[in-house]
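Shared chain: chain A. Partners: chain B in the first complex, chain C in the second.
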Partner chain A sequence: MEKSAIRDPGFYLMIAIGLAALFIGPLVVDMFTIMQVTQYVVLSVFALSLGYIWGFGGILSFGQAAFFGLGAYTFAVASINIGETTIPLILSFLLPAAFGAALGYFMFYGKLSDVYLGVVTMVVTLIFWKLANHTAGPEYVIGKARLGGFNGIPSIPTLNIPGEPDAWLDPAQLFQVFMAILIAVYVGLRLLIASDFGRVSIGIRENETRASLLGYDVRKHKVIVFSIGSGIAGLAGAMWATYQSFIDPNAFGMEMSAKALVWVMAGGVGTLVGPILGVILLQWLTLKLGMMELLNSFVVLGAIMMALVLALPKGMVPTLRGWALTGWTLARRGRGAARAKKPGEEGGAG
Partner chain B sequence: MTEVEGYKILRTRGLTMQFGGVTAVDNVDLDLNDGELRCLLGPNGAGKSTFFKCLTGQLTPTRGEITFKDQPITGWNTHDIVNLGVGIKTQVPNLFNGVSVYENVRLASRRKHMPAMAREIAEKMMEKCGISHLARREVGLLAHGQRQLVELAMVLAEEPSLILLDEPAAGMTGDERDRLAQLVLEAARGSAVIVVEHDMQFIRQIAKFVTVFNRGAIFREAMIDDIMRDRAVQEIYLGKQANAAA
Partner chain C sequence: MDYFIVVALEMVRAVAWLVLLSAGLAIIFGMMRVINFAHGEFLMLGGYTVVTSTHAGVNEAVAILILAPLSVGLFGIIVERLVIRRLYGRILDSLLATWGLSMLMIGGVTLIFGNTVEGIASPFGGMAIGAYQVPIYNFVLIGFAALVLFGVWVVLKFTRAGLIARATMQNPAMAEALGVRTSWVYMATFGIGSGVTGLAGGLIAPVTGVVPTMGVNFVGQAFITVITGGAAVITGTLSSATLLGTISQATTFLAGPVYGDAALLLVALVLLRLLPQGITGRIFKRSL
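Now for the complex of A and B:
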């Protein structure tokens, strides 16, 4: 059942947790951890982009990295040329969103089925990856920015305060800005999903035929959803570029697309909290396992992911939610039964 | 053949749908008056559902023309045809399984109306179809007969001028079927309706003028009593069932 974002207490809890991390985090945690968490924040925005189009639009994209990389390169090229970062950050949303709309137009108006959609998005990612790798020569220059091929683009500016190109953010401030972006993306998506547009998207996810038989233009709807997801992925790419102050073609890599799928799947398709939890858990595990020398960390990580998918096929958040709901119902039923035993009293309402 | 003269809301000319070598709909000329209730009979595989799919743009006919409200709609997109005023209940209900009954019906009425009005219409239609008590239930968990009623409520919530019902009585209990017959008769007061059905008891409750399909083509068009007496029709389709019902 669809719950309005405004009535759901979980929505406010998430915002509260986010704001607490934003304001209190930098005061109580050391700088190394803050920088580590900043990375999770960026990847969470990326995971949300896929969590939205997959979970609430029924679009399974194997090439979300195409937009992530596009956003990263857009930010890098624009910020090096312009010399400040506010406009590049906006561009890194708009350009991938426009590209997503164009690609989506051909895919959805061409009535591609889900399997081919997966193939096309994957191939587009590979094309970008190949293309970016082949721009090593000095002739591949956009304004002041050399694309650098497989060497990537170095010395990408850190975010500055809007209007003050020389006022760069320190790592704690960067964390706070990124956290604010994550909260904004989360709130924005929740409101969008609760709106009539979002409800129709969910309808399309559930049954495309019925949606069109009610008179909704499924193709147009999907293009819009896909484009919004592409823009958010692009924004995450820009955050990644400025956080690392370096970007190379691996931003377009298959690994990036695959990771996004795993985060969303592990956290739970059809939720927004799930993808964020997926990022935190799996990135933290990757980090911890990387320090271990006894076994190959990838083998262990793979085994954990397989166990996770087998044990919780719906993902962490829906499973936990299900348990909580069952527990609550049982508790209520228990109370109802206890009351029913007393003579002259009605049983608890079901 | 006695046919009522009047404004033809739907007209097909030479409508043909071929799948490879199979002709599922064969050169169908059908006229439907505004506000008419028409029953479409025919054995399994006679092309009734394919005919419906051509009318709603889910299939693009191989040949022929469809005119709805004086507009040639052949080859149009489904949503454009629907927005012109066609509502369809498909043979296997097409529903939004993961969401509530109320949300299903509301999405249907929301297409044309502002939120407050859409809510009101959704509630009214659920009550009409006797599914108000199921409003908060997830559609995917309902029984087949209940799902039929949900889809019917959705179609009625669209307030279409042409209603297509593909086997609406399938999977319903006796009471549900009687209620359905009343609903169909009531809907036919405001809209043109075409009903495909096999349930003869149900047909007898609602039918007047009947079109019989066989092998994709129109086999007979007559009043229900004449159809029931027609030997050739009995042979292709009704057989013992008609005798039993009589």
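Now for the complex of A and C:
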């Protein structure tokens, strides 16, 4: 991952797959599947937000749902008040990013240890969840939008074409816009990681002391990384809100944070493809297991999380990559051995 | 005048509440630097032990004081052997694993007992202070909070086991070199911490009732108290519980319980900005 994104063929492959899905998907797949996949796309953006700050900034946040929920509520309140969705979408990135920066200031300038960081981010989410649940009364109104407490906010507008508040997107168009956002976030993050800033973040992840001795401001750096991650999580929240046209305090729930962690862990920390694969695999798995009605989602999620930590701490993509690499080396060595045995038959090995 | 006594009593109760909720967690954190993210569910397990055994005809006091700590302590030892032990030195992984455990426990208990609130009657009834009615059980909670802290202090300070525990806390490698089997010390610590948590869960069960998701209501307070306190079990817990308990109770009086929690977090954040290792990281450094 440390090599430049521009020279990595996998980078272009991912963009190609994304663009293919964007343009061809709605033509060949039925509407129900498209809507299902739209959900995966939204959650992939959310997973990327954690995948970035954890994998490339070394910040393990147990409260990514705080920003997801904040973005969702920002979008809901703003779009109901403004009556169109472009500005709310931008706000749903900016507000969580600003909040992330503020929280990050307290955490990183205080030089909290990893455990403390985990606890603080988790408790922040918890408090948001409690506060959001608490706003059921009619006095909790922002402009035209009632926060509605545990009942949530209903009838959140669908995205409209910028500048034309009445031109709502149909589900296929919504899918295409979301896919475009996912590609943009992926490309943006890859380029960011390949930039000087990204290289310094990785340096900080590897060794904080060394990075600061080399003259980099570790605290400032971490605040920026955390804030970017928070903004992307907020954007995902807004997408979620408009996709469901409904949002309730569970957007702030523990389950949401836990899911993000599980996706990233399953896919692999330190990759961007991993979190997306994690979303697809685990959402599909949860769907299948949920259909059996034997186990509830908590049991499934908890068991997967424990199993991942204990059995597959690196995640799928790095593990597979490791296997592929060892396989390749072994194959080459094998070929070399074969070559040594039969020097006459060169070039015959496939 | 009566009003002030009642308010003051409420403040002390809030502090005792925080001490009870976080003591078990603080014991584990102080020794192993690990935060048990399933702490809330350990409390829940203690509560369920009390409620189910009381419904089965066991005396309430026996259920709260003996069964709850024993069963949760035993459960803690099993968890330590099966999960935590494999993750020594991988602190973040142990957080993730215990969080997984937390969800697994919520889901599992929901499967067994269903998602309904069950409870037992709060013992002892109330007593009058002037025009106000105060539950006598509050004094029981305050008493046990004091007893737990005192008990930990006595064990750490005056027993051989406490000496070994303190040695392991200070320098595990050195303790190991002198013949202490630190792995067992950690197991015992986790068991005792869990047992104390079970006791706390049992004690709060008559007040709050039990439901599989009840842990969520308490973990925030417990976590904040422990990390604000820092690594020293007794001084840390006591100082941060006193500070946070009074502030959150005052906010609760003025604005309601939800804002009490939010105030707790805000104060803790500001405090951690100034004292990143908790109160006992800078002040009371050499205390227990």
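The rule is short, and it goes like this: the second predicted complex is superposed on the first by the 313 of 350 C-alpha atoms of A that agree within 3 Å, B and C clash if a C-alpha of one lies under 4 Å from a C-alpha of the other, contacts with A are read in each partner's own complex, and residues count from 1 in each chain.
We adopt the following convention: a contact is a pair of C-beta atoms (placed from the backbone, for glycine too) under 8 Å apart; a residue touches a chain by one contact, two chains touch by 3 or more.
Values in this document were obtained by computation on a predicted structure and should not be read as measured data.
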item: Partner chain in contact with A:Ile24 - chain B first, chain C second, else both or neither; value: neither
item: Partner with the higher number of touched chain A residues, chain C or chain B; value: C
item: Touched partner set for A:Arg199, first chain B, second chain C, both or neither; value: first
item: First, second, both or neither for A:Leu287, with chain B first and chain C second; value: neither
item: Partner chain(s) touched by A:Ala324 [first = chain B, second = chain C, both, neither]; value: neither
item: First (chain B), second (chain C), both or neither touched by A:Gly118; value: second
item: Which superposed partner A:Gly110 touches (first chain B, second chain C, both, neither); value: second
item: Complex contact set, residues of chain C against chain A; value: 33-35, 37, 83, 86-87, 90-93, 95-97, 99-108, 110-111, 216, 219-220, 223-224, 227, 256, 258, 261-262, 265, 268-270, 272-274, 276-277
item: In the complex with chain B, residue positions of chain A that touch it; value: 1-2, 196, 199-200, 202-203, 205-207, 209-218
item: In the complex with chain A, residue positions of chain B that touch it; value: 56, 58, 77-79, 82-83, 87-88, 90, 94-100, 103, 107-108, 110-112, 115, 136, 138, 154, 158
item: Residue numbers on chain A that touch chain C, as the complex places them; value: 60, 62, 103, 106-107, 109-116, 118-120, 122-124, 126-127, 130-131, 134, 254-255, 258, 261, 265, 295-310, 313
